[in-house]
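Each of the two complexes below includes chain A, the first together with chain B, the second together with chain C.
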Partner chain A sequence: MHIADEFRKSMNWLHTWLGIALSGVLFAVFWMGSLSVFMYETDQWMMPEARGPAVETVSLDETVLPWLEQSDVSAEQSVFVVMPSVRKPLLRVGVFGGDNGPLNAYFDPATGKQVERTGTFGSSGFFYPFHYSLHINWQGLGYWIVGLAAMAMLTLVVSGIFIHRKIVQDFFSFRPTKALRRSTLDLHNITGLVALPFHILFPLTGITIFALVYFEGAALKPFKGEVFDYTREANGYYVIEPDGVAADPVQSVDGFIEEAEAIWTSRSGTPASADYIRIEAYGDTNSKVVIQHSGPRLQVARSQGRIVYDAASGEMEQDFQPAPIRNALSWLEGAHYMMFRPYHVRWLLFFGGLMGAAMIATGLLFWMRARIRKGLEPTSVRVVRALSVGSITGMIGASGAFLLANRLLPLDIDGDGRAYLEVLVFYSVWLLSFVHAAIRNKQAWRDQVWVIAGIAFLAPVLNWVSTGDFLTVSISQGQWAVAGTDLVILASGGLAVFAALRLKQTERVEAAKAQRRPVAGSLADAASVPAE
Partner chain B sequence: MTALARKLPDWMDRTVRLALGLIGGYFVTNSYIGFTGVALSELGLARGEAASFAILTSAFVFVGLIVWSAATRRLFRTAIVVIASSIIMAICTPYLTAL
Partner chain C sequence: MIHTALLLFAFLTAFLGCAFLALSQDRHWRALMERGTLGPAFQRPAGWILIAVSLLVVVLRDGGSFGALIWPLLLALTAVLTALMLAYWKKPMVVLARASLSLSSRNITP
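Up next, the complex of A and B:
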């Protein structure tokens, strides 16, 4: 065999088996990651109190500092403040550590008043962590599984490129009227090629972001294993310990923020605003105020800008600027986090992520149909199909059920109970989708796609009934986060209806073929698909 | 040993190759990050920069090793290279600081 053919053959099996082994995880990660691109917009949909005109200037001296005094915060605790923005309209204050922590409070920046938040983790608290940890926190196992999947994805992309003899031709070949297996492969190739840069960007940057988890010992070798030395030199962090001597709590933070923003704006040439504030050693003589600027509005790169002030004297103690290679790493992180403001760029990345999910799903479907044609025994077919259906449509349906639960569950459930109930709904629906797929076998795809369509059409109605924000209302009020979420959900419903009808049509055609020719598959059709 | 590798059934050959690429690749990448980070910092680069550079380039090393393990004709030789390079880099890293 020619060496190039032999290499292509080895890339073919690598692509197939690595893809099959991790396609379920990869689909979940890409799906949840795509949803996370607009997580703060979805949060506004899930938390009606967070809707409304965005006010980005707020006085922490008038809102947060009085609340801290009332809340008996001690010097051993760390206080953080997430500043409001167009995407995150509420001001959030958190306190962790100590006996009475963690504490959380939300303020409406327009009125300065504290807001009682809906009991939900929201998209940023559930979909987002799911995409990098799968919510498996035991020994950080979820991070490792996702890391393995990310590395596999990079390998899949490389091996996928080598497999294709006619990469340009594949780019323009989509034959939706051909046999389902053929059109599935066409769709796999197109989604793979059109969004190729994103298929490389997302896993590569994801691995980079969590490199300290995967390669902790090695990455810390230059620092002799001292993690604090690394975070200080690379990211400018340092430990602030209380002296143990009580002092008056910090009286003003607004002035520090104003000065820090002016420094960053003049340095970068684009408007820069503080988005994360920390108050360390509160009420101690060594109390410090840390002003961070991590998500620039008009830059892809995440900023590592951090200015530290002494709370008592008001003196600037640190003005950290990362070194060039760290900046390159920050660009990669920024390209993954997508916290920048231009919406159209984030839409591009959102569709890039969805194309990744579609590519993974079509790859799995193509492999499954190829196996069925090769005469896999009925029990194995049933198992493989149930796993595929549950991993793809089950995951999408469960995500929709999570949104429905958010609008249906009573608001007066105490504590985090309501939030955990939403999560319970998600996992129950996901689990049920596997059971349903095992029972319904071939019809499971169509059933579940119809369920997804139903959920998608019901969700905006429930949003309207529970909040009064009908689509026309949210558009007329300029609540684009809510209106956009409704529109995307409705569009998903339309797509699901189309898919369900197409599946029905395919089933009819296949049934007619089976009646005419009892032996499955024709030689001509088989020859049109490259051998695995 | 090469002959033995050729005699392996397909599924076992592929499993060995995948295991070599993923597990062996992980250990080589781990050693590479440590070695490169320390070597660059010893050459005068700031430690944070050295570590960031090593992290930034590590994914390419890992993917390259997975592809190589899958495609190699001489699986045993590749396994030796993967294991040896990982061990050599891991052993050499502490001595770099003494140079």
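Up next, the complex of A and C:
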């Protein structure tokens, strides 16, 4: 055998088995990651009180500080404030640590009044962490599974290029009228090849972002294993301990924010705003105010500014800028974090993510059909099909059900109860999709695609009924986050209907073929019968 | 206004670039035009030039840092669009193929 053929064969083997082993996880990661591109927009859809119009200037002195005074915050607790922005219209303040924590409050920057927020984790609290941790927090196992899948993805991309025989010739070839196997492979090749830079950049940067998890030993080696020494060097963090002597709580932080923003803006030459504020050792003589800036608006690279003020004297204690070696990573990480503002970039990245999800799904489908053709016993077919259907259409359907639950559950469920109920709906629907697929076998795809279509057409209606923001209303008010979410959901509904009709057509064609086959067989048998 | 126009222009040049590259391949050309004809030879260089123009426009409009994200994904989008149009909506592609035939008179077959 020729050496190139031998190599291609071994690459094929690697591509096949690595793909099957991890495509379920990879699809979940790409699907949830794609949803996370618009997580704050989806949050606005899921939390009607967080819908714009966005006001970006707000006084913390008039909102957060009075609330802190009323809330019995102690010096041992940490206070953080997430500043409002176009994408996140509400001002959020949280307190953790201590006996009465965690506390959370939300303010509408337009009025300065506290608002009761819908009990939900939203997209940023559920879909987003799903894409890097799978919500498996035990021993950080979820992170490790995702990291392994990301490594596998890089291997899959490279081996995929080697086993593709006609890269140039087939580059623009999608042949939907040919056999389903051919058109599936065409889709797999197109979605894989055209977005190749994306398919390499995202797993790679995903791994580097969690370097401290995946390469803990290597990252901490220069710091003799001390995490705090590492984070001080890399991010400027240091521990602020209370003196234990009570003092008047901090009276004003607005001036600190203004000064810090002016420093960053003049230093980087692009508008920089504080997005995260911390108050440490509240009501103590050693109280500090930490102003952070991590989300640049008009650049890809992540910036990391941290300026620390002494709460009592107002003196600047630290003005942290990362070392140049940290900056080398900041474009790569910034591309993955996507904290920047331009929406056309965001849409393109969303498209890239969906290409990844489509590539993984079609790869799995292609393998499955190839196995069934080669002859697989019916029980195995059922199991393999149930796993594939559940991890693809089941995952999509469960995400849709999560949104429906958000609009349907009563608002008066206390605490985090409502948020956890939404999560329960997600996992129940997901689990059911596997069971349903095992029972319905061949019809499972079509059934579930129809369910997805139903969910997609129902969601904008529920949004309309529960908030009054029908598409025409949200568009005319310039509520693009809400209108965009509705439109994307509707578009996926349209796509689901198209897919369902296409699946039905394929079934019909295959049924017709299956009917013809025995006839042809019997003719052949007849011909081979020796004449007497 | 000029910003939107430039983005549209980058999209159009990238799309036309992909379309010309596809037309320069015999398989797609034959599927669109009569059998036996050959596509004009200028299509392949024209495709690459248009794609290079789209890179230039993107970098001028958004800078290199954003450009490095935008351009590859813009090409991905237009390449998928090209493949989908070749499969489902051939008419504009046929128009483009005819136009490129009449642009290069020497390749017209009787």
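FYI, the second predicted complex is superposed on the first by the 517 of 532 C-alpha atoms of A that agree within 3 Å, B and C clash if a C-alpha of one lies under 4 Å from a C-alpha of the other, contacts with A are read in each partner's own complex, and residues count from 1 in each chain.
Just so we're on the same page, a contact is a pair of C-beta atoms (placed from the backbone, for glycine too) under 8 Å apart; a residue touches a chain by one contact, two chains touch by 3 or more.
Being a predicted model, the structure only gives us computed values, none of them experimental.
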Please work out whether A:Pro222 is in contact with chain B alone, chain C alone, both, or neither, and reply first, second, both or neither.
first
Determine, for the superposed model, which of the two partners chain B and chain C contacts more residues of chain A.
B
What is the contact status of A:Gln169 with respect to chain B (first) and chain C (second): first, second, both, or neither?
second
For A:Leu462, select first, second, both or neither according to whether it touches chain B, chain C, the two together, or no partner.
neither
Touching A:Phe198, do we find chain B (first), chain C (second), both, or neither?
second
Looking at A:Leu148, would you say it contacts chain B, chain C, both, or neither? Reply first, second, both or neither.
first
Name the contact category of A:Glu233: first (chain B only), second (chain C only), both, or neither.
first
Of the partners chain B and chain C, which touch A:Ile20 in the superposed model: first, second, both, neither?
neither
Check: chain A residues flagged as touching chain B and also chain C none
Chain C contact footprint on chain A (complex, rising order):
168-169, 171-176, 190-191, 194-195, 197-198, 299-301, 331, 335, 340, 342, 344-345, 348-349, 351-352, 355
Inside the complex, what are the residues of chain B that reach chain A?
14, 17-18, 21-22, 29-35, 37-38, 40-41, 46-56, 58-59, 62-63, 66-67, 70-71, 73, 93
In their complex, what parts of chain A are in touch with chain B?
6-7, 10-11, 13-14, 17-18, 148, 151, 154-155, 158-159, 204, 207-208, 211, 215, 217-223, 229-230, 233-235, 323-326, 328-329, 332
Residue positions on chain C within touch of chain A in the complex are 7, 18, 21-22, 25, 27-28, 62, 65-66, 68-70, 72-77, 79-80, 82-84, 86-88
